[in-house]
Amino acid sequence: MAIFCTGETKVLVQGITGRDGGFHTKSMIDYGTKVVAGVTPGRGGQMFNETVPVFDNVADAVAETGAEASVIFVPPFAAAGAIFEAADAGIKLIVCITEGVPTNDMVKVMPFLEDRGVTLVGPNCPGFIVPGQAKLGILPGNIVAEGKVGLVSRSGTLTYEVVDALTKAGLGQTTCLGIGGDPVIGTSFMDAIKAFNADPETKALVLIGEIGGDAEERAAEYIKENMDIPVVAFIAGRTAPPGKRMGHAGAIVTGGTGTAAEKKAALEAAGIPVADRPVDVVPLLKELWKDA
Amino acid sequence: MNIHEYQAKEFFRNAGLDVPEGKACFSVDEATATAEQYGMPVMVKAQVLTGGRGKAGGVKFCDSMDKVKESAEAILGMDIKGHTVNKVLVTPAVDIEEEYYVGMLVDRASRRVLLMASSEGGVEIEQVAKDNPDAIIKQVIDPRYGLLDHEAMTVSMKLTADVKKARQLAASMQKLYTAFIEVDASLAEINPFIFTPDGIGKAIDAKVNIDDNAMFRHRDFEELRDLQEENPAEAAARKADLSFVKLDGNVGCLVNGAGLAMATMDLVQYYGGMPANFLDIGGSSNPDKVVSALEIILQDENVEVILFNIFGGITRCDDVAKGIIEATNRLDIKVPVVVRLTGTNEEEARVLLQGTDLVPAETMDEVVQKALELASN
Amino acid sequence: MAIFCTGETKVLVQGITGRDGGFHTKSMIDYGTKVVAGVTPGRGGQMFNETVPVFDNVADAVAETGAEASVIFVPPFAAAGAIFEAADAGIKLIVCITEGVPTNDMVKVMPFLEDRGVTLVGPNCPGFIVPGQAKLGILPGNIVAEGKVGLVSRSGTLTYEVVDALTKAGLGQTTCLGIGGDPVIGTSFMDAIKAFNADPETKALVLIGEIGGDAEERAAEYIKENMDIPVVAFIAGRTAPPGKRMGHAGAIVTGGTGTAAEKKAALEAAGIPVADRPVDVVPLLKELWKDA
Amino acid sequence: MNIHEYQAKEFFRNAGLDVPEGKACFSVDEATATAEQYGMPVMVKAQVLTGGRGKAGGVKFCDSMDKVKESAEAILGMDIKGHTVNKVLVTPAVDIEEEYYVGMLVDRASRRVLLMASSEGGVEIEQVAKDNPDAIIKQVIDPRYGLLDHEAMTVSMKLTADVKKARQLAASMQKLYTAFIEVDASLAEINPFIFTPDGIGKAIDAKVNIDDNAMFRHRDFEELRDLQEENPAEAAARKADLSFVKLDGNVGCLVNGAGLAMATMDLVQYYGGMPANFLDIGGSSNPDKVVSALEIILQDENVEVILFNIFGGITRCDDVAKGIIEATNRLDIKVPVVVRLTGTNEEEARVLLQGTDLVPAETMDEVVQKALELASN
């Protein structure tokens, strides 16, 4: 078990014939993901990589292949449209990798997804990987291992750093999930934590947060009230100056709130140790989680 | 992207809000000529992309031409929180009987635009949120329907019992929302929204931030960008499509990924150093981009060492290494460069680095520690 | 029994302090309708007619009085806003009397109502009356009588004409409903017919249609398939020239469709007699409905 | 409200659609000067508020200045279905390789705006609906989200397999929807939407109807109204806020309520007469409105009798009777007037009528029958 999908989940890729879409689709297939279809308007009838049929639209792809999940690699101006299309075609799990999507486009798409019970991961995220089963996104498959640790992160490469450390320390993962650093995203920190809490296989949880917003503070509160498994955290951006956007549109300290110090304090108050360095996540988790 | 008050006011005017006329003036002569045209009294307001202009003496009420001249002279060239004032807004002064705050922003928790309003106008909303959070009336806006009449009216009638004023407030909130969507704002504020003694509502200060991700829809907004106010290094980074923030330390950092870049800065501090910058060079191995990044960092005379921290993931590290080597060869770099590369083909990458002046490192901690050692030498 | 409401339904009036709103509210109260609240922004705390409390907004009115239905008398520019407000406050039955509401305003309001399961009658309609129980709208109470005939109409005064004839002939009504003549309305001809079909007290049905659209044709099809009680009809506009809007925004023959002749043919094909004159509704119904 | 092709095209241009330039010309000289400016070939197109211009010879392709002059001379002043042509649109002729129909209207059944598109461009959509209904691709538009990218693209790819053309069609549909909402249209058509031989999509004919109920939001649209094309009686009725349609009979009808007014017309015909008009005077007892209504009807020389059919409902009939009496007194009416009043206080109303020339009637059938008797006298 894991969160969001299994190795049997049928996946389609929107923007499969693009440079990034093609590259990462191959990588997903190599990892064992069941990629059943691709979508690029005007390319319907072609084959991708000689094995994956390409369709003009998602509705046709779903009708022909029974695709259940979609990974989106399209340019920013087309990303919200691709999400609408997938949801309209009945897809219930969407991972949007695209970076640079206008925030108001995401605001507009959200109620459409909520009405249809669709889970969206991203945009501007690395997606997720269920070690040994499937990956939907761009996380490197070689750094993960099967195990019992759940990991959720607002970051990309920082996630890899921590996952790599966990794997090297023998701490395999149920699911490694990067939710993205934009202000408006589908699966929030809290949504991910709740999903991990509902997954019986996940026996410990690693949170990788960063400055901006109050997702970590609200997560701390939830975890304190609702979770018994060990949880440790890392927060990036202690040295970030206020009022400056640190790459991610959501990574900004405004009006004196959203600082790393506040988040650390909230997490520690909820009994969640916060690592000083990414590598310190491993010893902190091992200390808290004697069964590991 | 932040824009100036006078620019934000133009957006508000276009959305039908009642905004007093005004003109951005770049010299004392222009300011006095504009004031002459409007007649007394006028306000002379510093146009800088930072808050706290009033406290810094950058906003003056003028009831005589002498006062206008004196104020424009004082404000033009003034430094406000590190921003040099090079223009002032001259605008007719309005009699104020009541002040309100009306603002909108994208709310992460609800994933919606949030209307916030308060009868404590003229005060920063963050301050009100701290001192008197109950004074802020909030309304989440459903993007499918916009700010509905009754939503705006219910918020407004919590601010004032005067139904005529409430109707003006409500209509102004709806127009503000129109402007917010129209310009792809991430924040839009009228602070204060005022009523004159004869009950006319007006927006007399304006703040708008534009969502950088939406700039492709608004090519004309590039003209609004105040290049004079922009840090030259940040401007260069923007042109090279790099996320960059200038800091005060001596360790130049080139990292792929924003989270990892922040964590790298934090680690520099953890080991007792100070980062010179935040810089996300993204996932590509394109040497041009690395050259641009290095050029920007090398403009900073404080930089004593440069570190690369790249977790390549799927990207091939040997490709990235070649890009870094080519980029460093193209430039005349006088400070030591430490490189950490992890991911596919990381061994091959390390072999490539061996024939160069670049100092290899295996882990994130190691690259930071080595950089700090080299910086202190 | 009847459709939509009973004499116990708690009704509020939006725009109660306006000229028309006040006049018709008094008339509704006189008829026995349980008007529990009025809404006019800025008039909260006042009393209407010394008996009905006025509130600043619908949410307050609902919270204080438990109002379940709303009748709207506001100017056209405010009508859609008033409907949004009532639905948002949990009102499940809305009657909008206002004439001249922009069609696109109604298009915008519809999904909001559908999502919330709200029944809207109108706009630009006389509303409805449940003889002896309640009236929500502006139909004259003196022309109706309790009985077993359901009546649905796209018109206003033409409805009165037919109802008057029914009453004078001893044919009382369960509910007399004017759905309005605009192109986009809440309760359609079909919706009303289905409601009457579900009402065990309604033993016969009178349809008053007019040119424009195909509501009568679709109704004919439905009735043929689903209804056993006697149904008779009248269609106004046999002499209307094509391409001209006959008062009601929806009453227009376009592209050769929506004519009275087509509608008459469709109804007769479904076994529904169509009266030549309004007064002929009575003998046609009596002939079909031997129990009356 | 119907507007002309050249006006509709202006709306389409504002929404970003590719519409060839063009100018409405009111004289042959203006038409030739405009054609001179554009260069050959041009189209000269009658601007009248009715369809079938092409069949009537009101649309001409001109490849020489002589042809322009000749066409403008022929078309200006031409009668098309009772409409006199007083202006022509002169617009550069475009090479057409493919033609499509793209239109939107408010769909009663779905209560939504409906997109309709067809590869049978240049043909009236009602004709296509009859002859080949499967050729019409439909898409219901959710007002909360607008016409979504994939919806527009899916419709477009059913029209053409060429993805570049489909993208242009889809974008044009979205712009058409923007225009539709912006102007509060009840109908908006591009027919045909064409592709040139080099694959550029253009809207070369345009039709827009504006929702009369929404005119309060578009006060400036009043300028678009072609007063020359309007029937003077209908124009007067519009100004008096009356619903009026001119017909060919001799029985003037003043009725309250549109449905009852139609039923009254039908009854006139049922009893062998012909109504002179449709007129809904509404529920008020205001004599000014009745005066306006009578004036409009009396302008029609065919009118031999006037009937009032008023079912007052809650309105007091004695009030209405007073209004009618005052109105008829103010005017010099030479034809007989029959009045039927039903509702509250109808008896009192009949008493009031006794002292006048007005002929009372009790029922709808009676008022019509009496009117027909009086007309034939």
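Going by the order they are written in, the chains are A, B, C and D; count residues from 1 in each one.
The criterion applied here is as follows: a contact is a pair of C-beta atoms (placed from the backbone, for glycine too) under 8 Å apart; a residue touches a chain by one contact, two chains touch by 3 or more.
As the structure is a computational prediction, the values presented were derived from the model and not from experiment.
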Intercentroid distance (Cα basis), subunit C paired with subunit B, Å: 55
Rounded Å distance, subunit A centre to subunit C centre (Cα mean): 52
Inter-chain centre distance, subunit C versus subunit D - centres from mean C-alpha coordinates, in Å: 27
Per-residue multi-chain contacts in subunit D, two or more chains: 144-145
Interface hub residues of subunit C, defined as touching at least two other chains: 108, 111
Pairwise touch network: line, ring, star, complete, or other: other
Pairs of chains satisfying the touch condition: A-B, A-D, B-C, B-D, C-D
For the subunit A and subunit D complex, residues of the former touching the latter: 41-42, 56-59, 78, 81-82, 84-85, 88, 108, 111-112
In the complex, subunit A residues that touch subunit B: 23-24, 27, 76-77, 100-108, 110-111, 126, 138-140, 142-143, 153-161, 164, 181, 183-185, 188, 208, 210-211, 213-215, 218, 234, 236-241, 244-251, 254-257, 260, 276-279
For the subunit B and subunit C complex, residues of the former touching the latter: 144-145, 148-151, 153-154, 157, 163-164, 166-167
Partner subunit A, residues of subunit B touching it in the complex: 106, 108-109, 111-113, 124-126, 129, 142-144, 181, 184, 186, 211-214, 216-217, 243, 245, 247, 255-263, 265-270, 275, 278, 280, 311-314, 342-344, 363-365
Interfacial residue positions of subunit D with respect to subunit B in the complex: 144-145
